[in-house]
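Here the chain labels run A, B, C, D, E and F in written order, and each chain numbers its own residues starting at 1.
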Amino acid sequence: MTLEALKLAAADNTWSALYPELTLGCLALALLVLEVVLPKRLHPVIPDVAAAGVLGTLVGLLFNFHSVTLGADTFNGLLHHSAAGQVMRAFFLLGALLTMLLARVSLARQPMPRIEFYHIVLVVTAAMMLLAQSNHFVMLFVALETLTIGLYILVSYYRTTTASLEAGLKYLIMGALSSGLLLFGIVLLYGVAGSPALPAHSAEAMNYGELARFLAANPHNFLASLGIVLVLSGIAFKIGAFPFQIWIPDVYQGAPTPVTAFLAVASKAAGFTVLLGLCGANGAFAAYSSLTTPVLTAMAAATIIFGNLAALTQHNVKRLIGLSGVSHAGFLLLGVVATAHSSLAAGAIYFYLFAYLLASFAVFGVMTHVAGSDDADQELDHYAGLAKENPFLATVLAVGLGSLAGIPPLAGFMGKLFIFVSAFQAGARWLLVIAAAGVVVSIYYYFGWIKAAFFETWTPPAGSDTPARPTPTPPGMMAALALGALAFASIALGFYQGPFGQWLTLR
Amino acid sequence: MIAPTLNAYLALSVLLFALGLLGVLIRRNTLVVFMCLELMLVASTLALVAFSRFNGTMDGNVFVFFILTVAAAEVAVGLAIIVALFRKRQTIQIDQLNTLKN
Amino acid sequence: MGPFLFNLFAVFSVVCAAGVVLNKNAVNAALCLLLSLVGVAGLFVSLEAYLLAFLLLLVYAGAIVALFLFIVMLLDTKGDARPTLHKLPLLARVMAFALVGAGVGSFVVRGQLESPDLSRTPALGASLKLYAYQLFTTYLLPVQILGFLLLVAMLGVIVLSKKFDGLDDIK
Amino acid sequence: MVDFYLQLHPVVQGLLKGLAVILVIFPLGGLCSMAERKVSAWIQGRQGPNRAIVPWAAWIPVIGPFLQRIGLFHVMADGGKMLFKEDALPGHVNKFYFVLAPIVAMIPALTTVTTVPFGAYLDPSGQVIPIGLANVDIGLLAVFAVSSLGVYSLILAGWASNSKYPFLGGVRASAQLISYELSMALSVIPVFLWINEPGSEGTMSLSRTVAFQSQPGFWGGTWFIFLMPVSAFIFLIALFAETNRQPFDMPESESDLVGGFHTEYGAFKWGLFFVAEYAHMIIGSAVFTLLFLGGWNPLPWVSLADLMNWAHHAIGSPLVIHPLVVGLISIGIFLGKVILGIFFFMWVRWTVPRFRYDQVMELGWKKLLPLAIANLLAYAIGIAIIQK
Amino acid sequence: MSHLPFDPLLLAIVAPLALALMIGLGLPKRWSVRLAYVAFAVPLLMALHAWWHFSSEPQVDGYAFLTRYSTGLDGLGIGLKLGLNGISLPLFVLAGVVGLAAGLYALQSRAERLKIYLLLLLIMQGGLMGVFASVDVFFFYFFHELALIPTFIMVGVWGGRDRSYAAMKLTIYLTAGAMISLVGLIALYVKSGAHSFDLIALRAHLAAHPLAATLQSNIFGLLMFGFGILVSLWPLHTWAPLGYGAAPSSAAMLHAGVLKKFGLYGLIQVALPLLPAGLAHWAHPLAWLAVVGNVLIVGLITIAQRDLKQMIGYSSVMHMGYAFLGIATGSTLGVGGVVLLMVAHGFSVALLFLLATSVHHRTHTFAMDEMGSLATKAPVLSALFVATTFASIGLPGFGNFWGELTIFVALWKFSPLITALSVAGVVIAAVYGLRSAARVFFGPASARFTEIMAKHPVSDLLWAEKIPALILLAALMFVGFWPKSLSDPINAALTRTAATAVQSGNH
Amino acid sequence: MAVKIVERKPLTFAERTYIPQILGGLRTTFRHLARRKETLEYPEQRPTVPTGYRGVPTLVKDPHGREKCVSCQLCEFVCPPKAIRITPGEIAADAPTHHVEKAPQAFDIDMLRCIYCGLCEEVCPEEAIVLQKQYSMTGYTREEMVNHKDRLYELGGTLPDQHLKWDKKKSAEEHGNDRH
């Protein structure tokens, strides 16, 4: 390797293409510096600085949406920049921003230090953004692990409660197991694709493009198939797809509510971007669709069925939303299955994710305000009479849940519609039937929640030794604004998709 | 004596990986489970190095760096969680970690 | 020499790995893990990846397993207090064994790869320079990310275990 | 003889090497303990041990009394005592690990020696060839890697003793060793940055650092201790901590932990810990010599080859540059520096009082680590500018 | 083109929604109430305007007032395309009239939390206008769901007995129906290959490239059962009487009167012209289901009812049986009759619910056994009720008569046996209708009613109740006396669609 | 008087690094390294015992070889560790020193107890007990470490003063106290 080759390789490190991630990274460091530099009474400003920074990055990203690097590979093929990547970047930034807003409310009830939380959220967000653009297994693994390890910490952040720590431990073990599976899959693929005896082998088999070329030339390789299955199961853990969903209820319940939201939305979305990159129409595993499609189909069906049935019996809303999130993962998997035969599918997934983000954060926002100091203890009963106590929160909750349920004027419905259309285009009819049934079932528990908030009144349980339920925190100005905006966006995006819809359907 | 072929290395790493996985599935002590997880990662690195050596490629070797670093970070965080939990619950047996139940 | 070392280290690492899984005592398990790692490091040496072998020792054996041992001793857990085997766990265990066994079996039967001639393939892993070049050109970005990862991990450990004002959970 | 050795089976060769290492390190350890007694005595204005003698030595006219005066036979007496003393095994310990710990202590001590080159000779073409048991490309890393395993013996000893002081000692040891490894590794990076100029074959070999310090020219002839005093300083301090020498002997600080991790040990098992500690010291100062003190080069800007060529001219006999002679001289020079290093260890021990444990941790994490990082950054930038 | 400087259809949809939004954003109650009169009147005015100008408007494929608004999903062939044809026009007017009546009734009802009640009613009204003004199948469905959601909430919050259970059941049944029909619509969209949800484009495309017969029958089956649940096709009708029994009057008026017609309207506008072979396959099963289930079984059940509101609910289910029969004939005559029946039934059932609630205000019960001799106290109320009952039985002079008559005529050609059975239904209707009128208004007062009368003075209809009732009655009589005003455009439109249907059916 | 508060001097940077201090310490210890050793190589070299040294207590005889001790037991009573034990005995009537009346029948000093305080010497009215320069008393048994009377005399020897109090007393008795 000569010096010139090195310089060439180094020249491909186009740092300017990563300005949002770099901004987040620097911002994260700046938070720590501020903590040291600022006097203690000014510390409450730091979260605002973080949120403002993320907002600024988001605005900057949207203004520079069509940056020069779009469509290019940078960092020697580690990253691939695309419009979809830009959209997901915006998605993660939005998710981070909302998480921070929720954290302001939730952390205020906890004696834990604040600034580290924001720092970790920033770094995790940057990792997610890189993950969405990764085009190489090394990049994938490193970004995924950064994200996962950050989340381990965030999940167990409320260390004064046992639930949070237990959730953290469970997430850790499951997450590490999935990382192990994923890693071994990657290793197998890399090894097989590098084997000189096979056609189209490559020295840089970790690159998606090279791998896709290899797989296309070796359609029935056992080791490659095994690798693919392992990689898929690793990702299935992250997105909480059946049969790797067992961690979801416990972890969602135990984690701090903002983190649950972050997990439910951003982490899941990150998993799906990876899945799309691998199993999508031009993904690395495209040549093995005869293997991936049945696997993903079965997974999607089981996920929808399990998620919905399990959610039916839940009384803790965090578990409920976790399990309903499992069923959402199933719907999204349906979209992934469809990508092979439907040009709409990828766009549908992105739209679904956005709708899911808006709705989930609306619901989690309400949950954050309704919850007491024990973050894991959020029963359905606590919502009884919410409409009378705080109509605003109740309305936001209803809109959010309605959107999650996929009730029409709301964005969630459009997401489901797109998914269904693309699934039908791809011919996954039985899956569609299951999904439709799943939607009906999901109505039951979502509506049960709305029912609790609107139709019921709180009566303390007969044995009055149980403590009274927590009183909802009235939302502050910022939080109210954010929640209102989320609810409004959920409604508006249902009516009018605008340029976003154009982009989805014409990509 | 088994000749050190690629298959032998691969089988070895699969065996180690499987042992790790088995440990994760059957052990109840979280610390040991965690060790088994590390064993899985190490098994992966073994396969990676073997592939790199036999295929004459470099990426795999470099990947091992990343895996090692990630494993270190993971262990640090994981042990911190375990210790914090132990302080609360005085147990680290998986069966007894049942605060979260419906 | 080659086959001998390979067999030696292979058997050693597998036996020790089995020790990790089967040993009742967590301290024993940690030490088995350590020995298994030493075996793997030996295999790395036989694959001419010296740097990685010693890194494995330095990072894994020197730091990670030491940390494990440290924590095991700190928590002073009395081994695996084996719970009575309920029906379901037993079933799960049998299934786990079967699953893993089947996986390994099918792998050994079907996962055959042609072994290239070692004398003709370059041992790229032996050269330190190549690692440096790769890490600082192609993989510079992941290296940077890892920096952040380590920072985050450090902060996390601090948050999870430091004694803060107003937090009385740690005495 | 060399030919005969090379004809042997590799396994036999390995065994022979191992035997050699044991045969060298154990007596060296003993000698160090003797040196320690003498040095501490001298520093305290005492004579130190000078009485023991065996009859047959007493008969030798001058040498006998001399050996007696320097206390050599005390070492033997001690060794004999340790060997033959009752080796008590306390009832409450975890027997397996209790016995294992001292053995584990010996492993890194004996293994790292193999990767340290200890001399050099000139081959017919005038090339300097280093002498060592195993010349590996990543020498220093190997030393670090293997010596990092040393922590296990302390942890195990502390834990297996099943008693609180040893346990505290073991816990302290593990934390301390892991903490200082960081700054130690960071401190030597500038050295390797310096010797691996662009275009050269990258290496972490220790003999290469010595070779670099014997090159002609100002930079080449300089020892790294002059070029990188801060690195040397950090390395030295970290070395003290890594070998658990005073003022860092937290694991066995007798004023608060009775005897630290080896409180429950006695006789031969205790002796093994003892030897391991001295072996670590020897290796530490050998590595320090190789990295910062020019290895077997006699003086800064005067390399071994220069010396031998000058001697060859002065004396005129070709015998002077015979490999064996050169090798012995180089080993002598090297050993001299190592001994100086060991002396320094002892000198410090009897000068500086012991730290408190929190001070040790604070020094490691809050002082040395930032300093090492700053040092690394400064040298990285400086080297980049110089070697542009 | 329209003579107005704006799109009347869009205004009709937007006006109520806009007010709903304003209320949601916190409009004071006083202003909400005042503006509500306007917001309920505007759709009717626009509908009347459209009716007046319909024939003089330029028409595209039978549609007048065509305008298209892009919502960003042009790539999918979805856009807000508004227009009216001969079939939708009467229903559009129906929606306007019933909406105004329901709105006026609600405004005088002094419901608690009137603002929210109005908000939901306005959303419903906007959605209803949208349903019938949409040419785009997607938005047709979309607006239906928009109108449907408030029903659930209104039943749940303002409902009567068992409201929680009723709301839940309603939600699940109707969502299930909506999901099935959605799947059918998606299937239609994807399989047609038109890449458009635009009904005109779909029709044109399918006329040129008809679908295979089995596919048609499959899709028709989905639509039939999906829409069928929404229209309470036996045996999936059980939600209807329960829901109506629990629903507040305005919601019941709008739902039973207008929204329920959505399913029939969908079958007529979408399924019949696009899937003629499907109809051919399903006509007989549908007819038998309708006649045996809806007409006879439900009719007999209706007789057995003791609860006035439930009785009306069951009667509505029964009348839907006639509508299904008309659709099953598939002929222009029969389907035209269905449209007429839909309009007339809309007026009559809305009026019945209105009056039933008024009765309740006076008797404080819905149980018919506990009433009697109300006519002596409230003669206007009883007169109106009896008139409406006559209308609903299908006596000449009211719209229902014409609808049922044409259906029977058309049905005779289809199957005399079924005709005979369904005519028997009229007798059943007469029995329960007259019996209920007799029980409530005539005969001796029950002991309990005497008691109630002693407590609360019983007045006749107030003007606030009379006005909406009279509007509806007037409309009902208008249809009854001048059906031609409706049937002409209906026939024109049906002939046009039948032509295309015959074309594609021949293939 | 006004109180003047003296400010504590903050440490300078060099002092805060402690390096100069440590180097200073190293220099000090290194200097000691080369210094002459203070150690006395004992069996070969002996310390010079100064006058007034309080060594082993012994009994002495007068220049005529007579016991000086009159077993008054003052030393026994004054001895802090009670190391001295005296058994007084009568002096035979025919002895020339009969007029002294008492002489120790046995005189034991337990050297395991003796603390070399010298009180016995100070208190002795007869100057019969004297601390010698001898500093090393060793023995293999406890019994051996008890100095009996003969051993005490053996160690003490003769005190060469010519005072001879009891002779004077006797002659005064016999010849009258002409001095007084």
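Just so we're on the same page, a contact is a pair of C-beta atoms (placed from the backbone, for glycine too) under 8 Å apart; a residue touches a chain by one contact, two chains touch by 3 or more.
Small disclaimer: the values here were computed from a predicted structure and weren't measured.
Engineer: Going by the stated contact rule, which chains contact subunit B and subunit D alike?
Structural biologist: Expected: C.
Engineer: If each hop has to land on a touching chain, what is the smallest number of hops from subunit D to subunit F?
Structural biologist: The fewest steps needed to get from subunit D to subunit F is 1.
Engineer: Would you mind checking which chain's C-alpha centre is most distant from the centre of subunit B?
Structural biologist: F
Engineer: Which one of the chains is farthest from subunit C, going by Cα centres?
Structural biologist: Between subunit C and the rest, the longest centre separation is with F.
Engineer: Please list the single chain whose C-alpha centre lies closest to the global protein C-alpha centre.
Structural biologist: Of all chains shown, the one whose C-alpha centroid lies nearest the global centroid is A.
Engineer: Pick the pair with more C-beta contacts: A-B or A-E?
Structural biologist: Answer by contact count: A-B.
Engineer: Distance-wise, how many Å sit between the C-alpha centres of subunit A and subunit C, to the nearest whole number?
Structural biologist: Subunit A and subunit C have C-alpha centres separated by 29 Å.
Engineer: Using the average of all C-alpha atoms in each chain as its centre, how far is it in Å between subunit E and subunit F?
Structural biologist: Taking the average C-alpha coordinate of subunit E and of subunit F, the gap between them is 130 Å.
Engineer: Quick one: subunit A and subunit D, Cα centre-to-centre, how many Å?
Structural biologist: Centres of subunit A and subunit D (C-alpha means) sit 53 Å apart.
Engineer: Indicate the residues of subunit A shared as contacts by at least two other chains.
Structural biologist: 138, 142, 145, 149, 152-153, 156, 159, 191, 195-196, in rising order.
Engineer: Mind pulling the subunit D residues that touch 2 or more other chains?
Structural biologist: none
Engineer: Let me know each pair of chains that touch one another.
Structural biologist: Every pair of chains in contact is listed here: A-B, A-C, A-E, B-C, C-D, D-F.
Engineer: Quick check: in the complex, which residue numbers of subunit D touch subunit C?
Structural biologist: For subunit D paired with subunit C, touching residues are 10, 97, 136-138, 141-142, 144-146, 148-149, 151-152, 155-156, 158-159, 167, 170-171, 174-175, 178, 181, 201-204.
Engineer: Please output the residues of subunit D touching subunit F within their complex, sorted ascending.
Structural biologist: Residues 39, 41-47, 347-348, 350-352 of subunit D touch subunit F in their complex.
Engineer: Sort out for me which residues of subunit C touch subunit B in the complex.
Structural biologist: Per the stated touch rule, the residues are 2-4, 6-7, 10, 13-14, 17-18, 20-21, 26, 29-30, 33, 36-37, 40, 43-44, 46-49, 52, 55-56, 59-60, 63-64, 67-68, 71-72, 74-75, 77, 79-83, 92-93, 96-97, 100-101, 103-104, 107-108, 111-116, 118, 121-125, 130-131, 134-135, 138-139, 142, 146, 149-150, 152-154, 156-157, 160-161, 169-170.
Engineer: Tell me, which parts of subunit C touch subunit D in their complex?
Structural biologist: Those in contact with subunit D are residues 1, 27, 31, 34, 50-51, 54-55, 57-58, 61-63, 66-67, 69-70, 73-74, 126-129, 132.
Engineer: Which stretch or stretches of subunit F touch subunit D in the complex?
Structural biologist: 22, 25-26, 28-30, 32-35, 37-39, 41
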